[in-house]
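A, B, C, D and E are the chain letters, set down in written order, and residue numbers restart from 1 in every chain.
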Amino acid sequence: MKRTLARWFDSDIGYSFRTSPVAMVAAVIAFGCVFCATFANWVAPHNPFDLTTLVLSDARLPPAWSPEGSARYLLGTDDQGRDILSVLMFGARISLAVGLVSVLLSMVVGVAVGLLAGFVGGWVDGFLMRLCDVMLSFPAILVALLIAGVGRALFPNAPNTVAFGVLILSISMTGWVQYARTVRGSTMVERGKEYVQAARVTGVAPMRIMWRHVLPNVTGPVLVLATIQVATAIITEATLSFLGVGVPPTQPSLGTLIRVGSDYLGSGEWWIFFFPGLMLVLVAMSVNLLGDWLRDALNPRLQ
Amino acid sequence: MTGAPLLEVRDLVVEFPGRRGTVRALDQVSFSIAPGEILGVVGESGAGKSLTGASIIGLLEPPGRIASGQVLLEGQRIDDLPPARMRHVRGRKIGAIFQDPLTSLNPLYSIGRQLVETIQAHLPVNAAEARRRAIQLLEDTGIPAAAQRIDHFPHQFSGGMRQRVVIALALAAEPKLIVADEPTTALDVSIQAQIIQLLQRVCRDRGAAVMLITHDMGVIAETCDRVAVMYAGRIAEIGPVHEVIHQPAHPYTMGLMASIPDMDSDRERLAQIDGAMPRLTAIPPGCAYHPRCPRAFDRCHRERPELLQAGATRAACWLHDAHGGASA
Amino acid sequence: MLAFILRRLLQAVIVMVAVAFIAFLLFQYVGDPVVFLLGQDARPDQIRQLRADLGLDQPFFVQFGHFLVNAVQGEFGLSLRQGAKVSRLLAERFPATFELALVAAVLALAIGIPMGVYAALRRGTFLSQAFMMLSLLGVSLPTFLIGILLILVFAVMLGWFPSFGRGETMQLGWWTTGFLTRDGWMHLVLPALTLAIFQLTLVMRLVRSEMLEVLRTDYIKFARARGLSDRAIHFGHALKNTLVPVMTITGLQLGGLIAFAIITEQVFQWPGMGLLFIDAVKFADIPIMAAYLCLISLIFVVINLVVDLLYLAVDPRLRLSGARGH
Amino acid sequence: MSDTVPLLQVRDLAKTFDVSPPWLNRVLERKPRQLLHAVDGVSFDIERGQTLALVGESGCGKSTVARLLVGLYEPSRGDAQFDGMPLHAAYRGRESRQLRRRIQMIFQDPYASLNPRWKVEDIVAEPLREHGLASGDALRERVGQLLQDVGLSPADMAKYAHQFSGGQRQRISIARALATHPEFLVADEPTSALDVSVQAQVLNIMKDLQRRQGLTYLFISHNLAVVRHVSDQVGVMYLGRIVELAGKHQLFGDPRHPYTRMLLDAIPKMHQTGRARTPVQGEVPNPLNPPAGCAFNPRCPHANDRCRVERPALLSIGGVRVACHAVEEGRI
Amino acid sequence: QTVRIANQGDALSMDPHSLNETVQLSVTSNVYEGLVGRNKDLTLAPALATSWKQVSPTVWRFELRKNVQFHDGKPFTADDVLFSLARTQVDGSDMKSNTNDIKEVRKVNDFVIDIETKAPFPILPEQLTSTYIMSKKWCEENQATKPVDRRKGIENAASFRANGTGPYRLRERQPNVRTTFVRNGNYWGKIEGNVQEVVFTPIGNDATRVAALLSGEIDVMEPVPVQDIDRVNASAGAKALVAPELRTIFLGMDQKRDELLYSSVKGKNPFKDKRVRQAFYQAIDIEGIKKTVMRNASLPTALMVGPGVNGFAQDQNKRLPYDPDAAKKLMADAGYPQGFEVTMNCPNDRYVNDARICQAVAQNLSRIGVKINLAAETKGTYFPKILRRDTSFYLLGWTPTTYDAHNTMNAIMACPDDKGAGQFNLGTYCNQEFDKITRAVQSETDKAKRTAMIRQAFQIHQDDIGHIPLHQQSLAWGVNKKVTVVQRGDNYLDYKWITVKK
């Protein structure tokens, strides 16, 4: 473990990482957010999802440093008396989880479709790419709205957690297209390369070639896309929550928090809105920065 | 060759600041080209041939930079010219031809436009005159029906034709020196000779000197006046073409010549130089070639040889050191 | 070339039919129009009757067939909630969305392209770094947040611009335009800005990275070697080549603008199609949703077609060989 | 040696590509279906332990022949017999694995022919694994051995391809090709991407291996000097056909076909510095629209009316197989 | 004077019979009038009928106003009334429920009509206040004799144009964008206000609507989100008008099924046990909700109807005390010492802070061990779902459109039958005695007796804890300080009572 880490640090990517302060700062922020989100149960001072601990009369307390603030709640409380700091961590967990899982899902689908289209070509390729065109003509938000609507209509009685599934599905539905297109392009390039032909001459089965030879060589752009899409997915989730089709209100994500907070923006309770907004921008920005950096680091021409 | 050299390169050092310290890609390269002369540059891939060319026309890709040394054109330093002035040297004084004619032309503009643009960038002529010249240039480079084809786009030409267009472009403002970086490598065997001949002819006609970078010793042999052999960012040997080919003075040149399959003799095995050229990050001290050199001795491990006179050529090899040479 | 256009048209038709199918399919499952139409106190026989009247009892593909035939004529029936013709509702709303998206697109391109070019050419300068940071902020800030903040600052606190609606509009035939009055323009500023910011940053980043790619190509190097001026190289050679790929992506993005307008319109009460759509989603107003989706994809297809034609105009390689590019 | 059956007998092998524009274009622009005869009836034999070289300009169909032989393409017509069995039936049938073990290929570009994400060990071991020839320690040992055979060190196993120079990479791909103990190796321009000095290393290794293991090569190149060095027999291809097929000494000593002569003339002569050679005249014809009659007639100084209408067949003339009316008629 | 009005939503159509919804009826009430109108205090006022009386238990006689003209100049007569009442009964009309009990409408002469009901119907005049009268001729000329029927796919002029007798005429209509009205110079009555022109704009987004009020772009808006009431009041130019609304917000529980659909309790239905219902009731900190969620803009209630509704009795309006400990004990007694888990359905865009109320309730209930899975969703999906009775625990609000308790009793509290009773009694609370009284109240014409019966019914319901009433939410209108309006408890805005100071 230590050795692989050291090796990574010594590799080209590691080097470009070490020399890019922006990437390092972004990584620290992203890591901090991911850490707090993952271990929210332990890190957060309160558990805002546990209704029994909430005190309604503590609602809308300003941050601790303002005169009316309470030391119990460092960043104040929201309209349900939830500690903002804790709810941020728990909310980030949901946002990140939705972001990561949906990106993972769209990645798997997109990469599979892209590989297939690029490797097989012919009418399979034609068909899959037309499919992509169709998907592209539905912008992400729109599809998400639709799926969310359909999901609710189809499973009206599903437990709350299904809302997550619906969100993830809807974000993935548009996400995969980009992967498919990118991977297809790279696959077509790789497919023509001689190492693939060498494998074919050796008699390696096409599926195996696709999996063992082509796939590892198209991971670079996929990785870059993925980072950037995590940010996009988080924002999409926030936007959907804003439009009222997000996650259940008792388990707010960053987006839900912002939407709730924006109701109080005018009435002076700025902290309900501000901290989640800041957190969202921080997360999205650091992930974006990492993606940008990765794109440059993986681009051989820039090395 | 007598008279003032057209181009003189003195102790040129090109460096790439990189992650593990700075890489010295060209190390103390010095040579000169006389007006109307054709200098061939050969050497293994990565030896620094293209970098030399790029430094001369001032188009090193960042982060590469000229760390020291000078490039003089007609006695004037051009390596430290500000970009705006350098622009007038490029194209006007020094033309360039790159390896791949396919990618050297902007696909979105007709070749006529690219020619006219180049001519007008350097010569005080109006559009009509520029176009006339452009057609003339295309004719000179052997494009049939130039007047009609001038408005065609690059993709409408075959590879050989495109390379002719590239040559026409390089010659458009009548430069004194042409830097041709592997002008035929991307072309078909049978077209290669045509292009090299064309280059040779137009340059002779216009009195332009040529720095011809290539891998092909055959091309060098029949085209060049002098030849420089590069190895690991350094010039190993430089001299008149006949001597370099037939009486090479540097062991690397010898190995190189011997490894070329010969049309006229039958050998079961080609002579080969064992090992590989060192990476630029790991150039051994002393003579860069010594690890592969069958005749290396102590001094080669320690001291880096200058270019030393060796018969008609000059070679960077201690074997030719008049004082304290080896017994070999 | 004719074949090229025809093929694109054919593809467009396929895409449209597929979208129509999806739209139709999805809305089979969203809410139940019958409950909505009849109210809660409907008796089973009433429901059956209405189902028959609406044709909801027919086989799936027959329903889809009807849907398609009508859709081609722009006929999507009556809005379940508003009782007005969907086509008319959309036609009423279309100018608002279109003008908003148009201004936003123009803003995004007119600011984004120069910024991207600058950031590519002057890589590493303070200003270009600042652009990049700003652009990151642009992609990291959700649109609705931007909108809310803009209203708060420019409408409530500073009072410079109105906070909602289209303001005074003029009627030109069936088209209502806000372009002809000062009031209309004032109302346009904040929403257009909101909508443009995200696209702007995208365009900028795209132009920058494409430009950097192009600047590394051989023909740019060769152009330098010929001693062309920086101006000619950057704006004559590099920019034009950059715009070819940028065109496709921006084309796609512009289609997206119309959809992104959903959020902007929601925030600014901009009386466009997006607002209509959101309401329709809330009330399971199927005809409106279906028509909206089809319209969106039609717009998308048209934009793409235009982009393709622009391609033909810009890239000579496509012009003659006609068929597949390389 | 020559009384045994040749290892490979190619008879009238042809490959046609359909490069027609899409259907819609054809209909609208009234363009016919376009067929590209990349290889148009090629026949030759290769004896065991011998090297046949194919030379010719770019696009004349050399690589297509190679790909046909290793089973990357299906022939449109004709077939080859490999060790007595029909090659393409075998590729499709149950002997396919066996065959793929016995026939291997070395590719042109040492940079593209090795998977950049794989370690050398895995690259060389892939054919062994695929054919189940070795596993575990035996596998490693065999890989080490193979690397040694091509002049690398077993310690190189753990490295990635990019850590090697071009020549070393080409040796790795040779090691991979040798992994299954093939009898027949197709080498498609194995050195054209390499420097002369590195080229010498690779060619030497190939020759050494042939001597030691009795390999049979089909060697493809456009570099006549290299061909002269490695081959026993030489076939000159022009636009999908073999125009001259002869032993190396015969071909280089007494080229018969005008195209062969032109090619030989075009070789720069190292030892005659400063003397211009005569380049091949004219442009390479468009393979989509080959000239009628003898494909070479537009560039041929000896072409007459017959050459412009009648396609010459590959005939044995004076111990050499030539496809040329002029040679047949004794005009040259 | 021009007054600019903004509302959360738009009137979906100008056709007064097409949709039974407050915004639409409120807007169209300025253009159209019913036979009976309302005064500022919601008492009945003569409108197109000058007087009415019950001539027999099932027959009401209305004297119609003379010399009234529609906006297009045509005179108003009994034919128009007959036509309009008939129009409410055809397909496409959403007002059927208002006139359902009418058996026949007879023209006595041009200015007198008789309405015969199917059964004695004491509150017919109340029922007719939002049934507006259209011009028969105009409708015939404009092919608008029926409200638009969505099934036929044909549009209808009455949706976009209007021809009523009201104090304002419709000048311009852009659905969802802007609707303008001008003062009717020929109005039969007096228009107290001084407004010449009314511009009505829907603004859906709360923040934007408030911003528009504060920046002076609009003069009157509705509703003000409760959290912004203080801010509006603090601003220089505007103030918030807050008054209790007739709507009562309450919680309902599935008391019919033998096993709850969405609960951790299997094999039995805890809500059938009154102790559980009471525990829920007493666990809810209604004052806390009032203070934090509603920001005091609510009126906690123990009754299912609010003040202003006929049948409301202040002395009966006493909530069980908030007492978590007692609640816990009740739960333990009922056999759920550890509580249980149940899903709660809740709209998130229908009532004031609806989803937040549900969250607060969930919070309160968690104190007695009840774990609530909150499913808050948009009204478009929420209503279809709970109307299928596909719920175990839900939040709903109800305004008796007749301002009479019977409406609530019949729709919300009575045991569902196939004649429309208990239609919104989604948890199927059933008490036969209650039902009996409800039926009696319907046709009881004696005021005092009727009130007593209602009181008795409410007592039964309270004792059973059939529902858990929460509060009456407040109306909150934001108005520019230069503007005076009359805020009706039913959330109607009459333009004729708006005055703008110069």
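Operating definition for what follows: contacts are C-beta pairs under 8 Å (C-beta built on N, C-alpha and C of every residue); 3 or more make two chains touch, one makes a residue touch a chain.
Because the structure is a prediction, the values reported are computed rather than measured.
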item: Longest centre-to-centre distance from chain D, chain (CA-based); value: E
item: Chain pair with the higher count of C-beta pairs in contact (A-C, A-E); value: A-C
item: Chain C-chain D separation of Cα centroids, rounded to whole Å; value: 54
item: Centroid spacing, where centroids are CA-atom means, of chain C and chain E in whole angstrom; value: 39
item: Separation of mean Cα positions, chain D and chain B [Å, integer]; value: 32
item: In chain A, residues with contacts to at least two other chains; value: 149, 153, 262, 265-266
item: Shared-contact residues (touching 2 or more other chains) in chain E; value: 207, 211, 214, 349, 378, 381
item: For chain C, residues that touch 2 or more chains besides their own; value: 31, 148, 152, 156, 266, 281, 284
item: Of all residues in chain E, those that touch chain A in their complex; value: 206-207, 210-211, 214, 225, 227-228, 230-231, 261-262, 285, 288-289, 291-293, 343, 348-349, 355-356, 359-360, 362-367, 371-378, 381, 385, 390
item: Footprint of chain C on chain B - complex, ascending; value: 57, 59, 83, 87-92, 95-96, 98, 100, 103-110, 117-118, 121-122, 153, 155-156, 166, 169-170, 172-173
item: Contact set on chain D toward chain B in their complex; value: 57-59, 165-168, 195-201, 203-204, 207, 222-226, 228-229, 252, 262-263, 266-277, 279-280, 283-284
item: Residue numbers on chain C that touch chain A, as the complex places them; value: 11, 14-15, 18-19, 22, 26, 29-31, 136-137, 139-145, 148, 152, 156, 216, 252, 255-256, 258-260, 262-263, 266, 278, 281, 284, 289, 293, 296-297, 300-301
item: Residue ranges of chain A touching chain D (in the complex, touch as defined); value: 193-195, 197-204, 213, 216-217
